[in-house]
Structures are given as C-alpha cells and as structure tokens.
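Some structures are shown below for you to check.
Heads up, the next two complexes both have chain A, just with different partners, chain B and then chain C.
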Partner chain A sequence: MDASAANASTHFVCDSVMDLLLIETVALMSNSGTSTSGTLSTTGLTGDEDREAAYFKLEMLGYRVGMGLTEKATRDRPRFADNLEIVKFICKDFWLAVFNKQIDNLKTNHRGIYVLTDNNFRWFSRMSANSATETAQLAFPHAAFPCGLIRGALSALGVASVVIAEVSNTPQCTFQIKFRT
Partner chain B sequence: MYLVIVGTRDNPLYELEVYTTQQKQQQQRDAQGEQKHLNQFIAHSALDIVDESMWGTKEMYLKVVDRFNDHHVSSYITPSGAKFMLVHDAQPGDVRSFFVDLHELYIKVLLNPFTEINGVITSQQFDTKVKGIARRYLSG
Partner chain C sequence: MQGTPQPRATAASNQPGARAKAAGEDIWKNRTDKINAELFTLTYGSLVAQLVKDYEDYAEVNTQLDKMGYNIGTRLIEDFIAKSGLTKCGSFVETADVISKIGFKMYLGITPTITNISQDQKEFSLILEDNPLAEFVELPEDAVRDGLWYSNVLCGVLRGALEMVLLQVECNFVADVLRGDEVTEIRVRLVKVLDEEVPAADE
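Here is the complex of A and B:
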C-alpha cells in the first residue's frame, strides 16, 4: 500500500512485509483445513473442500478490508452517478491506493459484466514455479484476497456483486465482476 | 440540536443531542422527554427527502433538506450511503465543516476491523470526539 508524499499525515507501509504477510495468510488458510492430521502438509492443499474453504476465508478477509479501504479512498471525492463510474473508480483510484498502479484493461458487455485485466499483478510479479501452468495453478489461491477486496469495495458503494479471478499466465490476472441486480 | 447517523438500511448508527450554553433551559425542558421523540420523528421523516435529493447532486453536503415548524434538517451523505442528519434551528453555525469532520471520524471508526459496517457505533472515543467537534463548529 502506498501513500502520496505530498500529504504530511500519510502513513507508510513496508511493501515487502505486506507481501510476506499475504503469502503467509494464504498458506495459513490453506493449511488450516488439515487440522485433523496435526501436521502441515507441504503443498497445503489436501482436497477440494479444503481448497474451497480456504478460498472462502481469504475472500471474506478481503471483503472486510475492501469495505474499510473504500471508505477511506472515497473520502474526498464526489459521489457516484452510476455503475460504470463505480467500476472506473475501482480500476483507477482503488487499484492505485492498493497496488500503486491502475488496471490496464477494462472490458464490459454493458449488461452488468465487467472484466478487469492487470497485466502485471503486483502480488504475482515475483512468483515462479517449474512451468507457466504450474505457476498459474499455485498462484490461484492468492487471487482470493483481491477478489474479496473488489467485492468489499463494491459492496461498500452499494452494489452486490460476484467477483471471479482468472489466472492463466502470471503475472497477468483478470477479475470478472458480475453485478447482481 | 439533534444529530443522527443513519446507515444504508435506514437504521440509526449513532445519535447525539447537542446543546450550546444558551440552550441550557431548553436542555431542561427536553429532559422531560417530549422533544427527543419529536427530533427522532423529524429526522426519520426527512429521510425520504434526503433519498430524493441525493440523486440530484454529486455533492456530499446536501444543506437544508427539510423544514418542520422552526426545525431545519441539514443532511450530508457519504459515498458509501451513510447519512448524517442534523435537526437544528435557524442559526446552526458551520454545519458543513462539522459534517466533514464527522465524516473523518466516521471513517476512522469503520477502519477498525472489529466494528461492524452498518452497525451501531458504540465507541466511547468516537462519542467524545463528536461532542468536541460539535462544540467547536455548532453554535446555534
């Protein structure tokens, strides 16, 4: 998370510590599903149910954080006139506040579905594995928290939605937002 | 003067009665209970008008939205849909700055991960700070 240096009362957060915290959070959630065995498995994912439970927990974490962050980020700006403005806010101001960059591509079908593409997703930029597909697979749980962030932000602005992440070739990441009307 | 913060489901999150030194007599009268119900009623009936006027402007501060006898209702709405409403008489002082500062305090309360968004605000410090800014900005 960043801050513009112009503001005297700004707080700064250490980027690497934030990265480490998020990595550990994902690992913790993934491992907590195996509590019966009492040992931590190395891969951390022992079954579909565990995976889903971990994903759900991470998403809910992101939800609450997203709501709080939006309150802070919308403080000095005028209110939103329609859904498209809300999504544009997510792409620009919100993404800027969290990742210090904006969303690279926004596509919509004008009927409530928006696809946000980040070509160099900050939290995936230093991840690597043996092959591209394996990296994408292992990186997927890490996209749960950002999905929650987006869903929380939208919810704080009064919009119910479903956010799905797609990680096919890291460091690129797409988020699909479906507005629930 | 009566302040209420209303959530997105028209649920009150925080209420406060504000008196200046000149209103000590009024405070004693209000303590008999009648005025308090009336204040709540006035604020509640103004909610519809706030809902209407919020779509007409992109501003957060909606100024005076409703009048009832000699009570005025000023309103301020945050981007997330929380409404701050102040029932006051004709000379309330600097209501806009009060609302802006109140918005800051409101955000600080919500950033606490243990508070429920759209839930009643029970923080003592929030209460103290709101009383402080009320004393500073509201003089009516």
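Here is the complex of A and C:
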C-alpha cells in the first residue's frame, strides 16, 4: 500500500494470533459437521460431503474477509483498466498487505485463466507430516480460506471468478483463478 | 523472533509494574512479527457471523467461542513463554500484571487496565479501552438482548493459557461497549492452583 500517512493510523497485531485463529477456525469448521450439538448434526452427511461443506464454509469466510479488505484498500484509487491489472493488484498490493510479500510467479493463458504461485506460502510454512504427500493432504483444507480471500477481493473489484488451490509441495501453494465471463 | 535473549528487567525502574510494561513494549517492538490488524479483525468477525448462522443461538455461540479460545490459549502459552522468556509469577496479582502489560501488549498491541482487585487478591478485572477484535463491529439488537459476548474468545484464551501454567481460572465478560456499556470488562477469578502437570483433554 502506498500512502505512509495511512500506515501511521494502521493497527497491528502479532502474526501468531492470526495463525492460531486460523488453525482453530479450520478445526472448528471441519468438525462442526459431525458435532453432536447444534443444528448441523441432523443432516447426516458422509465424510466426503462433510469435508466439502467445511471447505465451502471456510471459503465463504475468506470471501467476506477478502471483500472487506479490498473495499477498504481500493477506496481511493482509480478504476482498473482490465482483468490483468486487477490480477496484478492481487499479486502485489493485496499479497503485500496480507502476507508482507508479493506473489512469486504469475502465469496466464490470456483467456481468463491466471496461475499465481507463492513459493513459500506463509500459512503453510510451518506445516509438516510424515511424508510430503501427507503434508499436502493435511494442508489442503487450509487452502480454502486463502482461495476465498482471493475470490472475495476479485469480487469487490467487480469480477466474478472461481479460485482453486493446488497444494502438492508445501510450503508452495498455487492458486488458479478462472474468470467467469 | 529468535534474536539474542535480553535481560527481562530493563534499567528503567525497579517497580514490578513498570518493569513488566517496559518488557511488554520491548517484545512488541523488537521481537514480534506484526500483521495488519484488519485481516485479523475481519476474519474474527466473519467467523462470529458464521457461528451465529450455524448455531442460531447466541448462548451456544458464546460457548463455541470460549471453547475455541481455550484451544488457542493452550497453544498460545508456549509461544508466549518462548518469546517473553518469563518464569513463574510470584503471585496472582503479578500474573494479572504480566497478562495485561506483556500478554495483551505482545499479541494485540494493547494494555488493558487492571482494576477491582478483590481483597483476597484472587480476582481482578481487565478493562479493554481499545479492543482490536471489536473494530468495525455493530451488534444487532437481538444479539445484545440474547446475551452475545462478541469477544468471548478472549476469555477462553486466558482460561486455556493459564491452565497450562497450572492456574485454574474462571473468566468472563461483565461489560462490553458493543452492548452499550461504558467500558469493556473481563473478570478473572482464580479458582485454584493445580498441582499436576497433565492438561485436561483437548476439545
């Protein structure tokens, strides 16, 4: 973000509170389908459907956050010229604001598909399991929230999209954005 | 976050309170990676909104937030001890001081005021002047009426973290500016000092 005047009034919190909140959020959403209390237990979903429901909810949480952040961040800037400009905004300004770094690599087929790669995705950086494949599997639910973040940010800028993550080689994470036209 | 360990007491003063304050500020300035609070605030906000939708019952939302906070607290304490290098507090009043001047400062960048310490020194209140969780928040009328404590996760965090250092406490909100009160106040009461090292089952 540019204006240093705006930064002076910005509040900060320790990064570990965000990490801890996300860990518990993912756990809570993943368990809520099978919990015995609340209204959700009656739906009788299978494991796969549970996981999907949890993924969808986490994605929606991210969507709302991404939308709110972007609305505030872009309030005073001129309209973006095209979709590429918008994606560049995500790669630079948005990623900087959220993760203190930029996206490492951006690829596009010029037909509405963009692939963003973060080689050391912050929220995966301390994850590990017995094997690389297992780590990727366990990390996958944690990709729902950032996917939602991106989709929400894009939506705040007026473009509808589908965002999916590919997690195979943690801490690397790849986000694929497909614009709906 | 590594850095060389520094002496806890800065030369500033011999007062325990002032020492904690200086330590808290030092850790906040030099030893924590910080992120924009908006991301955190918005994430918490959309989580609460989702829980309200899922459970359709504000009391249950309070419970879920507290539970979640407890789980966070049990992990957070490790991070806290690692970063602060603190050792055992001499008294519960000292614990209160450490919570407000180091704990809150280090994680949320705020220092709640400690008031209303009970005669037996087993209870105190934390007054939060500037609650980062509650920024941009406006509660709907029915949430106020039905008793939603929006920042209830904090109570769980305190409970979980203190339990890990063998202090069993009860912790709850008694006032919240979001609900129209003058101040935001958390009441903490020491139930007992635990004597075994085995933590209760993770929820």
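In the analysis below, the second predicted complex is superposed on the first by the 163 of 181 C-alpha atoms of A that agree within 3 Å, B and C clash if a C-alpha of one lies under 4 Å from a C-alpha of the other, contacts with A are read in each partner's own complex, and residues count from 1 in each chain.
Going forward, a contact is a pair of C-beta atoms (placed from the backbone, for glycine too) under 8 Å apart; a residue touches a chain by one contact, two chains touch by 3 or more.
The structure displayed is predicted, hence computed values, not measured ones.
In the superposed model, A:60 makes contact with chain C only, not with chain B. In the superposed model, A:81 makes contact with chain B only, not with chain C. More residues of chain A lie in touch with C than with the remaining chain of the pair chain B and chain C.
Contact with chain C, but none with chain B, is seen for A:27 once the two complexes are overlaid on the shared chain.
In the superposition on chain A, contact of A:72 is made with both chain B and chain C.
In the superposed model, A:16 lies in contact with chain C only, and not with chain B.
Comparing which residues of chain A touch chain B with which touch chain C, the overlap comprises 64-65, 68, 72.
Those residues of chain B lying in contact with chain A across their complex are 8, 54, 58-60, 77-81, 103-104, 106-107, 110-111, 113, 117. Within the complex formed with chain B, the chain A residues making contact are 64-65, 67-68, 70-72, 74-75, 77-81, 156-158. Note for the complex: chain A touches chain C at residues 10-18, 20-25, 27-29, 32, 37-40, 57, 60-61, 64-65, 68-69, 72, 97-98, 100.
Across the interface of their complex, chain A is touched by residues 28, 32-40, 42-44, 46-47, 49-50, 54-56, 60, 64, 68, 71-72, 75-76, 79, 106-109, 132, 135 of chain C.
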